[in-house]
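To start, I am sharing the structure in question, which I have written as structure tokens.
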Amino acid sequence: MCLALPALVTELLPDDNAKVNLGGIAKTVSLALVSDVKVGDYVIVHVGYALSVIDPEEAAQTLALFQEMGELAAEPQA
Amino acid sequence: MCLALPALVTELLPDDNAKVNLGGIAKTVSLALVSDVKVGDYVIVHVGYALSVIDPEEAAQTLALFQEMGELAAEPQA
Amino acid sequence: MKYIDEFRDGEVARAIAASIKAEVDAGASYHIMEFCGGHTHAISRYGLEDLLPANVRMIHGPGCPVCVLPIGRIDAAIWLARQPGVILCTYGDMLRVPGSKRVSLLKAKAEGCDIRMVYSTMDALKLATTHPDQQVVFFAIGFETTTPPTAVAIKQAQALGLTNFSVFCNHVLTPSAITQILDSPEVRELGTVKLDAFIGPAHVSTIIGSRPYEYFAEEYQRPVVIAGFEPLDVMQAVRMLVRQINDGRFEVENEFSRAVTRDGNEKAKSLVAEMFELRRVFEWRGLGMVPYSALRLKEPYAAWDAERRWDVPQDTPADNKACECGAILRGVKKPLDCKLFGTVCTPENPMGSCMVSAEGACAAYWTYGRFRDAAPGDAEGPEPESDE
Amino acid sequence: MKYIDEFRDGEVARAIAASIKAEVDAGASYHIMEFCGGHTHAISRYGLEDLLPANVRMIHGPGCPVCVLPIGRIDAAIWLARQPGVILCTYGDMLRVPGSKRVSLLKAKAEGCDIRMVYSTMDALKLATTHPDQQVVFFAIGFETTTPPTAVAIKQAQALGLTNFSVFCNHVLTPSAITQILDSPEVRELGTVKLDAFIGPAHVSTIIGSRPYEYFAEEYQRPVVIAGFEPLDVMQAVRMLVRQINDGRFEVENEFSRAVTRDGNEKAKSLVAEMFELRRVFEWRGLGMVPYSALRLKEPYAAWDAERRWDVPQDTPADNKACECGAILRGVKKPLDCKLFGTVCTPENPMGSCMVSAEGACAAYWTYGRFRDAAPGDAEGPEPESDE
Amino acid sequence: MTLPRRAHPRPLDIAHGRVDLTHGGGGRAMAQLVEELFIKAFDNPALNQRNDQAAFDVPAGRMVMTTDGYVISPLFFPGGDIGSLAVHGTVNDVAMAGAVPLSLSAGFIIEEGFPLADLKRIVDSMARASREAGVPVVTGDTKVVEKGKGDGIFITTAGIGMVPPGVEISGDKAQAGDAILISGTMGDHGVAVMSQRESLGFETDILSDSAALHTMVAEMIKTSPGIHVLRDPTRGGLAATLNEIATQSGIGMLIEENLVPVRPEVRGACELLGLDPLYVANEGKLICICAEADAEVVLAVMRAHPLGENAARIGTCRADSHHFVQMKTGMGGMRVVDWLAGEQLPRIC
Amino acid sequence: MTLPRRAHPRPLDIAHGRVDLTHGGGGRAMAQLVEELFIKAFDNPALNQRNDQAAFDVPAGRMVMTTDGYVISPLFFPGGDIGSLAVHGTVNDVAMAGAVPLSLSAGFIIEEGFPLADLKRIVDSMARASREAGVPVVTGDTKVVEKGKGDGIFITTAGIGMVPPGVEISGDKAQAGDAILISGTMGDHGVAVMSQRESLGFETDILSDSAALHTMVAEMIKTSPGIHVLRDPTRGGLAATLNEIATQSGIGMLIEENLVPVRPEVRGACELLGLDPLYVANEGKLICICAEADAEVVLAVMRAHPLGENAARIGTCRADSHHFVQMKTGMGGMRVVDWLAGEQLPRIC
């Protein structure tokens, strides 16, 4: 029910809307619940509304953490 | 458009209506436009209304006239 | 079926036919107009022309209320059907009749208008009670026969206090149309058209009685026989008219005495008189503007008059110029004289009044009688011409 | 798809799994509740249980707003849909959920109610503008994630002066539900159920932020990791919780820092605060009456409140007595412990909260995981029992 | 641990249930509907294979294939229903080639909300008609459309059959001089259906003639394999069907009104509604056109069959470049019997 | 005197006209529609006989028959329309028995008011698909229902075909150990159709995969006449179809998520709508189950065909009294791939 997905903002539209793209799928969503969104941002989209903007640095850090942990774990296993 | 047919009144119904029968087909019609209709009468039915009551004697006379004329005509022909 | 089967006896028909043949004056010709589409239909459907001598010619009059309704009124009905919230209902005969640009009620329905066929004015009233949030307009057409049922419905709407029911009234009057034909220059002055006698309406006369025809018979010196719509009624009427013509009489005779009296149906007549008034003039398709030939609701019944409730368009688009209906209705021409007949004008795509219902002269001829003039070699007709 | 594909990398999943395996204490057991149906779904759909050590057990919490909506509210929505002139619209998830007598919105629709699925509250508003003669009721359900979009729609309805739009509000609050579970006797007092740690909501937290969980962590001395709904997010959260448990810590950690901040979405939060107020108590299917766990519209927005516009029934029909949802949601039982599971209760005919949507514990197990406990010989189940 | 596992834990609630969108979704609800309602009713080896197509052996020869959609309203009428009609109509179109019907397919398009009880009644009736005719429904399909996008149920059946060697029946084979026979009274089906339309407001005891004609056709063919044309006068009635044949064969026809059998109730209803029985639909009657020499014996075979008791010779084909169907009326006059010009009739097939 | 006589004096006004009730009444308006629109488009000897059934010669052998109703909305979608779909879908159901399709029937149920221009576009597309497939529409039927009692147009096609000797393909023939192959990417059709639904509010360039698969099947059969099962994963997608086969054959299956080809756009749309590509409909793809020994060569034949470029082996059949279809997920875990539990999808076939 709380299905929400990260989508790339490709165009800002009138009425506080934006065009977003997800894997080649374009969709118009409302920006009424977020501020300062720019083209190129990724937003979390839920029932047609952007809920938050993805922080790319945090995302990179989380991914790095996966790798690191993976590597840490892989060692004793290997 | 002025399609109208003689049908036998089989039953008087409330609200100035009657059940009529035509060749085994039963139908409810309005008697709002006629007076003193009895079961057993034939009425001329048009768009769901009885327009007049058939006079059986006049009908018999007309039929007799057909016969008579037919006989009259048949003679010189034969 | 009593009072039907006896009047469709083929044996008797042949006997009456023999009697007519015996009575006609071989050197004379008899031009008999049946005013009513009901008679036209009976003549065509039973092939009665084949039973009549060649010098008795039947002329098919304008007595079909579907046929004579002008295009403008059909357009107006479609206009009403297109108003938001309106359910337009009418008798099935009207659905296929095209108005301007070939749009019929059936086509308007296909486009999304709410248009219903009813078999009785009671059905229309029922629609109004079951659809209180919508406006039910009854598209009323017909002669004196069909007017009283409309009147009953309005009375009932009044009694029920129904505010969402109204009537788009197109009821027309028989006598005015007959007068118009007899007053036409070809008939009255030029004498180019012979109109020797009339078969008078069957069911119209159950309401108005035989008395109204007495004026014509005398004024225009033409015999009239009121006749039923069964084939033997028609044959007998012809027989009676031939005899009057031969005798030089011009009386009103009543072949349909089993249902028609001299005074008609007083109850129905007074109801109509109470509720309706004459229009000063009304257009008849094929006949043009005919004075005092139609009815409208009187002021006290204005609440049920669709023409007062809506600003119904009053346009009067013309028929195709090539249409010969006017001449056909006065007996001046025959369907085959019209170059649209069977090419662009057919019952599926009628261009004029006479093709509109099976009771019209052109439609009856096309549907039932066209074998008569078909030469063996002309199976492929010409390319259809445009009608625009 | 950026920010999706990277979080579904099977290689990395196996590496994290290996890391978890390496870190767990073989002699201990780890009971981790994922509150959110989104996590439940990810675990089942990706078969993540197979990647976890046997002594790490996932307990599926009540975090699916479809599942926890009590039957009475579904009945009330159907009641609203049956009111004349009403168009009831809602998210697709709600349509198949049966209320009393197994009548769902889908069945009510089949019976003739005008019920529409919408993908956004904007669609519901659009319906109201395009159907001015009808009353459009938006059947609003959802946690903190889904409440702000409802608020935006009401704001817009206010701005447009729409008088034919209203909201049947069933928005519920995450923290109250977690508290309810932790306060349950089994967990708090009897200690019969071990609940060692929580995976905190992903998208709910984008709105409310991570701060509200700090109270739990401290009050109930349980670690919380807020995690995204992708499989690697879940694996990582388990990894982080195992480590906290091993360390004896009970902190709030944020695995989903790419989208969740400590304070959440201020704009959304203040909009919700302006428009909604707490209900004193609200029924949660499977949990019973939970104090201060749901929202209703404040007085200034009464005009858009369907519960104020209609006298919506407030019945509270009970679930089937045999349904074990309450125990399952608290981790006391598993789906197979319910004798209705798979016999009379299936996703096509759910009898209780946990079978209602794919995010419920029973439905997820039935749909994705039931192979796990299937013995080779038991292919034919028992005859279904009646549920009445 | 025992895992309960039944495909459909709860049987369909036929008495109270309604078709909803899940019954057309390709999921378990649809599989259950197919299993508990359709397969149970039609039960035959080809269908029971549960494939998306049925397989069966055919001999070499001339095959015919036909299809008709059934959209009749009301669905239930005196003497039948949309289910039996969907079998009879398509069996008859196969039989009208002189063919022996082999098998039928059935496609259902059901409106959301349709009562399962009505669906079962229709499917059972269809299965009964199929069994009685000895023509199995070997394959089928179900679609569900949203409320307001259908009208309860539409059924489209297709049928195949094998033409016996030497038989060459086709609408273009009528010749001048051929006899025109019909197998019974005209208009029963149409009037029976119309009598159920509340808006038409009449009552009668008449039953639809809906029936499968292939056994009678088989007898006719056996006696006279040289029959030229067979056709069932369904939509548009005798008039439309004779006109079709006249056009196809490039001939004219002359029939006689007094020879066309019409039940009194059908005449009565037609008078009342302003219809002509020649244009009213039949669903268990056929037109047979054969050489004059065959006419008497074919007529005798028809009359000996229960579905042909009232069979009659109604006229003769003749040369006519206009392809007119003409009729000598009961009055002794002549008229054209034209195509239907689009009358407003209720949906009767 | 010359009597004009043409069957239809005025040609159909395709550009502006609409279907009305007279087009289904059995009269001249209907005859004209059939003549000027249907017969003109489909033009083949069997249909051109204008009988109520088509006749053609068949050899002795094993025949298959199938039917499907097409109620798709919207009627036109990227990569096809209801007309081409009604040909492809039924040709495919014939081909899924390994049969060579012979001929099709087509029943049209049209809503009053439907634009003639759209009808022509659909019929022309259908005729094109039929010509390209080499499978003629030999017989048909048209019904018109009142406005509000239909949804533009429904088409029900039936198809027949002949199974080459020695071929015995059926859904109940899968065996433990058999390979499970699919001919390409999953979900293209369903997503293409959904993208046209305004209410779903998304845009994509993806095209429906709607195509007739019989030529590819013929190649496969030629190489490996012993193929066990063929089926097209239409309604309910791969998931429903695998479950059907597993139940029918009384086996289990194990497939691997990473081996199932799915286009990125299909994945994207599914993420957005909360759908699983395994449940989304295809109209130009097939599932093939064959002996392990045949798997490689069948796969090679599929890949060599333009419609099988992305063919892949996705798993293996295995003994399982529960008939579970299981999947190894991309994460390395296991799950059941269950039937669809009645999701809310737009009408996609």
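Order as written gives the chain letters A, B, C, D, E and F; numbering starts at 1 within each chain.
Operating definition for what follows: contacts are C-beta pairs under 8 Å (C-beta built on N, C-alpha and C of every residue); 3 or more make two chains touch, one makes a residue touch a chain.
Heads up on the chains, UniProt names are A, B = Hydrogenase maturation factor HypC; C, D = Hydrogenase maturation factor; E, F = Hydrogenase expression/formation protein HypE.
Since this is a predicted model, take the numbers as computed values, not measurements.
**Q** Could you tell me which chains make contact with chain D (Hydrogenase maturation factor) and chain F both?
**A** A, E
**Q** Chains touching chain B and chain C (Hydrogenase maturation factor) alike, please list them.
**A** Expected: E.
**Q** Overlay chain E and chain F by their C-alpha atoms and let me know the rotation angle in degrees, rounded to the nearest 5.
**A** 180
**Q** When the contact pairs of D-F are compared by residue number, which of D-E, C-F or C-E has over half in common?
**A** Of the listed pairs D-E, C-F or C-E, the one copying the D-F interface is C-E.
**Q** For this structure, which two chains have more C-beta pairs in contact than any other pair?
**A** Maximum number of inter-chain contact pairs occurs for E-F.
**Q** Based on mean C-alpha positions, I'd like to know which chain lies farthest from chain C (Hydrogenase maturation factor).
**A** So the farthest one, by centre of C-alpha atoms, is A.
**Q** What whole-Å value do you get for the distance between chain A and chain D (Hydrogenase maturation factor) if each is reduced to the mean of its CA atoms?
**A** The separation of the two C-alpha centroids amounts to 22 Å.
**Q** Averaging only over C-alpha atoms, locate the centres of chain C (Hydrogenase maturation factor) and chain E and give their separation in whole Å.
**A** 38
**Q** Roughly how many whole angstrom separate the Cα centroids of chain C (Hydrogenase maturation factor) and chain D (Hydrogenase maturation factor)?
**A** Here the centre of chain D (Hydrogenase maturation factor) sits 72 Å away from the centre of chain C (Hydrogenase maturation factor).
**Q** CA centre of chain A versus CA centre of chain F: separation in Å?
**A** Computed from C-alpha means, the inter-chain centre distance equals 37 Å.
**Q** Residues touching two or more other chains, restricted to chain E: which are they?
**A** 3, 5, 21-22, 27-29, 201, 264, 267-268, 271, 322, 341-342, 344
**Q** Could you list which residues of chain B touch at least two other chains?
**A** Correct list: 3, 5, 22-23, 48.
**Q** Counting only residues that touch at least 2 other chains, which ones in chain C (Hydrogenase maturation factor) make the list?
**A** As it turns out, chain C (Hydrogenase maturation factor) has residues touching two or more other chains at 1, 4, 96, 119-120, 123, 348, 370, 374, 378-379.
**Q** Mind listing each pair of touching chains for me?
**A** A-D, A-F, B-C, B-E, C-E, C-F, D-E, D-F, E-F
**Q** State the interface residues of chain C (Hydrogenase maturation factor) toward chain E in the complex, per the touch definition above.
**A** Chain C (Hydrogenase maturation factor) reaches chain E through residues 1, 4, 8, 10, 13-14, 17, 44-51, 92, 95-96, 117-120, 123, 231, 347-348, 358, 366-371, 374, 376-379.
**Q** Under the touch definition given earlier, write down the residues of chain A that touch chain D (Hydrogenase maturation factor) in their complex.
**A** Per the stated touch rule, the residues are 1-6, 8, 22-23, 30, 32-35, 42, 44, 46-49, 51-52, 54-56, 58-59, 61-63, 65-67, 69-74, 76-77.
**Q** Of all residues in chain F, which touch chain A in the complex?
**A** It comes out as residues 201-206, 264-265, 267-269, 271-272, 274.
**Q** Enumerate the contact residues on chain B facing chain E in the complex.
**A** 3, 5, 22-28, 45, 48
**Q** Provide the residue numbers of chain F that touch chain C (Hydrogenase maturation factor) in the complex, in ascending order.
**A** Touching chain C (Hydrogenase maturation factor): residues 1-6, 9-10, 18-22, 27-29, 112-113, 147 of chain F.
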